[in-house]
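Pasting the structures here.
Common to both upcoming complexes is chain A, partnered first by chain B, then by chain C.
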Partner chain A sequence: MEDIYQRYKGFTGKKVSLMIFLLVILFAVALIALSQGAASVGFKDSFTALFRGSGLAHAIVWKLRLPRIVMAILVGWGLALAGTVFQAILRNPLASPYTLGIASSAGFGAVMAIVFGAGFSNEYLIAGNAFFFALLSSFLILGIAKLKGSTTETMILAGIAIMFLFSSLSSLFQYMGTMEEVHEIVFWFFGSLSKVGWKELGIASVMILLPIPILLKLSWDFNLLAAGDESALALGVNVKRIRMIGVILASLITAGSICFTGVIGFIGLVSPHITRMIIGGDHWFLLPASALVGTVLVLMADTLGRIVWAPQVIPIGIVTSFIGVPFFFYLLMRRKREYW
Partner chain B sequence: MLRIHELNFRYKNINALEGVDLQLNKGEILSIVGPNGAGKTTLLKCIARIVKPEKGTILIDGKDASEMKRLDLARCVGYVPQSSPSKFPITVFDTVLMGRRPYITWKPSKKDLEVVADLLMSMDLEDLALRSFDELSGGEKQKVLLARAFAQGPNYLLFDEPTSNLDLRHQMEVMEMISGMVREKGVAAILAMHDLNLASRFSDRILMLNAGKIFCNGEPLHVMTVENIRSVYGVEVTINLSDCHPYIVPIRQIN
Partner chain C sequence: MKKYVIRTCASTILFCLLILGEGLIAQANRVESISIKDATGRFVEVRLPVKKLVVLTSDALEVIRALKAEDLVVGVNTGIAKNPLFWPKLKNKPRVGSWREPNYELIVELNPDIVIGYARHPGQDMEKKLAPFDITVIRLDFYKIRTLLKEVEILGRILNREQEAKQLSTWYQKKLDFMQERLRDINNRPDVYIESYSNYHTTGPGSGGHEICDLAGGHNIASNFSIPYPEITPEWVLAKNPHVIIKAVSFSNCYAMIDSSPLKGVRNKIIARPSWDNIRAVQEVKVYVMASDIWTGPRAIIGITYMAKWFYPNLFKDLDPKKLHREYLVRFQGVNYQGVYVYPQFK
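Let's look at the complex of A and B:
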């Protein structure tokens, strides 16, 4: 018995080491990202400017590069976390904010607020409206799952329908809008981290970080949902309530990740899969580890987008698609056991 | 003691259960038999509160099950479903640890881990501990699900067709584990069964259901008669006695 106990301890210890390893990688990528950009403020200068005083380097680091890096971390964290939660509560390996159309509807909410509201000046309205539309689609998905059963195919078909609906509505706004409005919302369709300041960061971080303790508290219930509703109920889980809380929190996180940056695909789908391959399906570890994988992916993709074609910047959404699509095909082809 | 009084359950327009009365003492094994759709699974699901009965009461050690908190109920009633989906990879250890969910607040305690390690050891599953649940054979999976229910530390165990889809050896192994658990811990078990011979061999009592109603209830020798089986299953059988257990040999179906 001691032996199994020790082996299990070693097994969980390895998962913790992996998370520490991911943190180290994240830190390294952040340092590289900090030293890259149109202005020639190199590695050493940008690092000293972090802590010291004034001047051009300081302004570039604090006004341009750092907010962008922090936002990349938040968005990656949020999308991956939301994807993991959606996959758990719908027991569906293809669920994610993007494939369920929830990212698109949150995006539509934000675009609507920008066009009908006061442009980019009212951040609360943008974030709030994005959350409202994210929730709307999430409940639609839950409703369909209840009526037609939550098979992988039904969910994804419904998600595609929702995605098309809200992308078209966003396009309609773009079509009808004035030049100025179009200019403001066009980056939505690619996903971009370029319009982010510290105020947006504040709002997004509340929406993305606040739900984390609750999600961790629910991690065992998520594990049980994976074993089927019947088992979960018999083991004391209030399945309906957990689904409801999970959907609301995942929608909030999705809206927070999307509302100032536009729709960024594939991170929410791919991060939980990569993480599960490495550390398995226990959500106590899967939730934070998957979020960390998301941060590393988004920050790497954004840095890549800034370096490859400098001084031009390729929008983050385009880069993640380039990386995400081949990976998605890889998942489909290898499919030894269903999807992961 | 588990007491069920006047239990009714309706599924759409069909009465799945009608006026079911039942008593079960600790240390007893009760098998529920009956044709497909007789209400065996539904009865188990009502007790585990996976579905809500339309009418009737279920008393568990004197407490009304419908008024208990779900987590409290999970500490005294363990349920092993017919099958468990595994869309996502999870280790055998973590699967059995799920049985400790009623005791976990944030993350499993040292005691939870020790209970699981103990169970895996005593059930001969230690080599599988860190294997993925979905890679196991049918028999191994069933044993792991049994361990998960045992980990709940329940007084009452419910099994939905625990031996279906298993080979002869695993059938015996699973049934012996269940009866071993009942004798050792003094708990009670209810099994929904298709195999009449296994049910007769391992049960103290048998409940025969037909179309949602209790057809008869009693000791195996008393319930497993040529007449009862003919009217409930529509099959003609002969019954041999061996070692005081009835053995049912099917002959032909009756139109």
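Let's look at the complex of A and C:
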């Protein structure tokens, strides 16, 4: 008995130390990100400007670099967290924040705002519309699930159908658009953190951070869902309710993450897998650890995207895959057995 | 023997007459054709005279109207319906689809002699689809100022409007030369940040924005970039500290606009960007917004004139971009001057 307890403590210790390790990495990457930029505000200056002073260095650090870093962290956190929740409630390793057609419907919202937005880019109109459509698609799924029973297959199939519907609608709008509008639409689908300031951060953080306590509270139910709907039901989990709450919260987080930044793919799919490979499937740890992996990946991707080809920026949506895929493959090859 | 000689002579004469006759018939039926080099660099054989045109780009339509060949147009792109005031005579012409993907059946039904599209849009399938119907595809851009005049001349030859083409290009060249002449001795060009339609995307070499800024005597701070529309960070603009900021906006109906507040709104947002109050252009209120109508395309000369005056207000004191625009619209387009194209406007 003592032995099992010790082993459990060991496992928990491993999980906690991973999170501490991730926090340290995140802090280190954030420091690098803070000291990198086109202006000649280096490591020491940016650090000094962070704590005191006014003037240009202070303005650059506080108004330009810091909001970008915080947004990268928030977006990474949100997408990874939403991905973990979607994979848990849909019991599917291919699920991601975009599985239920959320990205394509948010994209359609943005496209609509770009084409009908009086011809010039109004970022709040675009973000608002993207957010509205992201939630709309998840409510559509929930509606279908309510009518036909919320099995994972129904939801995923409905999600795929919605994805195709909104992709087609976006294509239709692009087809009708002028050359300038098509340009802007393409850029939105690349994703970008250049547009964010503190105001946008405030709105996004509410949507991304508020659902966290509820999700953590549900983490045990998510664990039981992994055993299958029947087993979870037998153990007293209200599967339907958990699935509904999960979809609503994860959609809210996804919408909050992408409405200001555009589509940033892959993070939501890969972060939960990376984390699960290292610390296993206990959602109490998996949720925050996976979110931390997401933050590190997005911040790293954005910083690299800013540095590699400076002063030209490689859009974040492109870099995330460049970073995430090799790392994911590495972990996949190292695994001796199947883990899902 | 004599008989044989006469027979031989007669048949030879008959043979010669036959050949001559055939030659004469061929001569009579011969259709004149010219070979032109279009925007893709390939040679296209065009049979003359061209009597019916389908035009997929509004840039080409504008040049066609300037060449007084509007009556030859039998089909237009769907986009011009958004701007009926600017196209009073063409707004009701049959529409054949978008500039990127026209409807070939509609084109075939209109049975034009030639179809004019951009160099890269629609794709090469257009030639394949229309060739069996004997419809020639000509690709001319008319949005790159460095090739614009050459393309105007080509179109003049195709449409038998060489005189009109000459008038347009002479007028154009004269305006360009005038500015280049004045800018010749300028050494310190102002640093300019040009923002394309999408926020925080600038215009590098290969883009229209870079080209017109250069011709107007500005130094594009992204001139050493390697792609035409790269994303940049706001911090980079701050670090470059440009003298002037120019933002491109795209409205479908600038010609019909009376109120300049949408352009003003765009400008105010740029001025209010975090930390941008540290940029010289913002401090000196040299932030300008320009509509796509005069940015690229046949009217780029108007955009260049505005830019030159923004860059060198004293040097070009006598230059009146609005007057120039009016002259172009009335003289070459046959429409009145109206609309909102820049903000702030000159008093």
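Assume the second predicted complex is superposed on the first by the 249 of 340 C-alpha atoms of A that agree within 3 Å, B and C clash if a C-alpha of one lies under 4 Å from a C-alpha of the other, contacts with A are read in each partner's own complex, and residues count from 1 in each chain.
Following the convention adopted for this analysis, a residue touches a chain if its C-beta (ideal position, glycine included) is under 8 Å from a C-beta of that chain, and two chains touch if they have at least 3 such contacts.
Bear in mind the structure is a predicted one, so any value in this text is a computation, not a measurement.
**Q** Touching A:Gly236, do we find chain B (first), chain C (second), both, or neither?
**A** first
**Q** If you stack the two complexes on chain A, which partner ends up touching A:Ser194: first (chain B), second (chain C), both, or neither?
**A** A:Ser194: touches chain C, not chain B.
**Q** I'd like to know which partner A:Ser257 touches here: chain B for first, chain C for second, both or neither.
**A** Neither chain B nor chain C is touched by A:Ser257.
**Q** Tell me which partner A:Pro67 touches in the superposition: chain B (first), chain C (second), both or neither.
**A** second
**Q** State whether A:Thr178 touches chain B only (first), chain C only (second), both chains, or neither.
**A** A:Thr178: touches chain C, not chain B.
**Q** For A:Arg276, is the partner it touches chain B (first), chain C (second), both, or none of the two (neither)?
**A** In the superposition, A:Arg276 touches chain B alone.
**Q** Is A:Asn223 contacted by the first partner chain B, the second partner chain C, both or neither?
**A** In the superposition, A:Asn223 touches chain B alone.
**Q** Going by the contact definition given at the top, which residues of chain A touch chain B in one complex and chain C in the other?
**A** none
**Q** Going by the contact rule set out above, which residues of chain C touch chain A in the complex?
**A** Spelled out, the residues of chain C in touch with chain A are 79, 98-101, 196-201, 204, 225-227, 229-236, 238-240, 248-253, 262, 265-266, 273-275, 278, 292.
**Q** Per the contact definition, I'd like the list of chain A residues that touch chain B in the complex.
**A** Those residues of chain A that touch chain B are 1-5, 7-9, 11, 87, 91-93, 216-217, 219-221, 223-224, 226-231, 233-238, 276, 280-282, 284, 337-340.
**Q** Tell me, which parts of chain A touch chain C in their complex?
**A** Result: residues 37-40, 56, 59-60, 63-65, 67-68, 118-121, 123, 175-176, 178-181, 183-184, 187, 190, 192, 194-195, 197-198, 306, 310-315 of chain A touch chain C.
**Q** For the complex, give me every residue of chain B touching chain A.
**A** Within the complex, chain B contacts chain A at residues 45, 48-50, 70-75, 77-79, 81, 84-91, 93-95, 98-99, 101-102, 104, 106-107, 113-114, 116-118, 120-121, 126, 129-130, 132, 134, 152.
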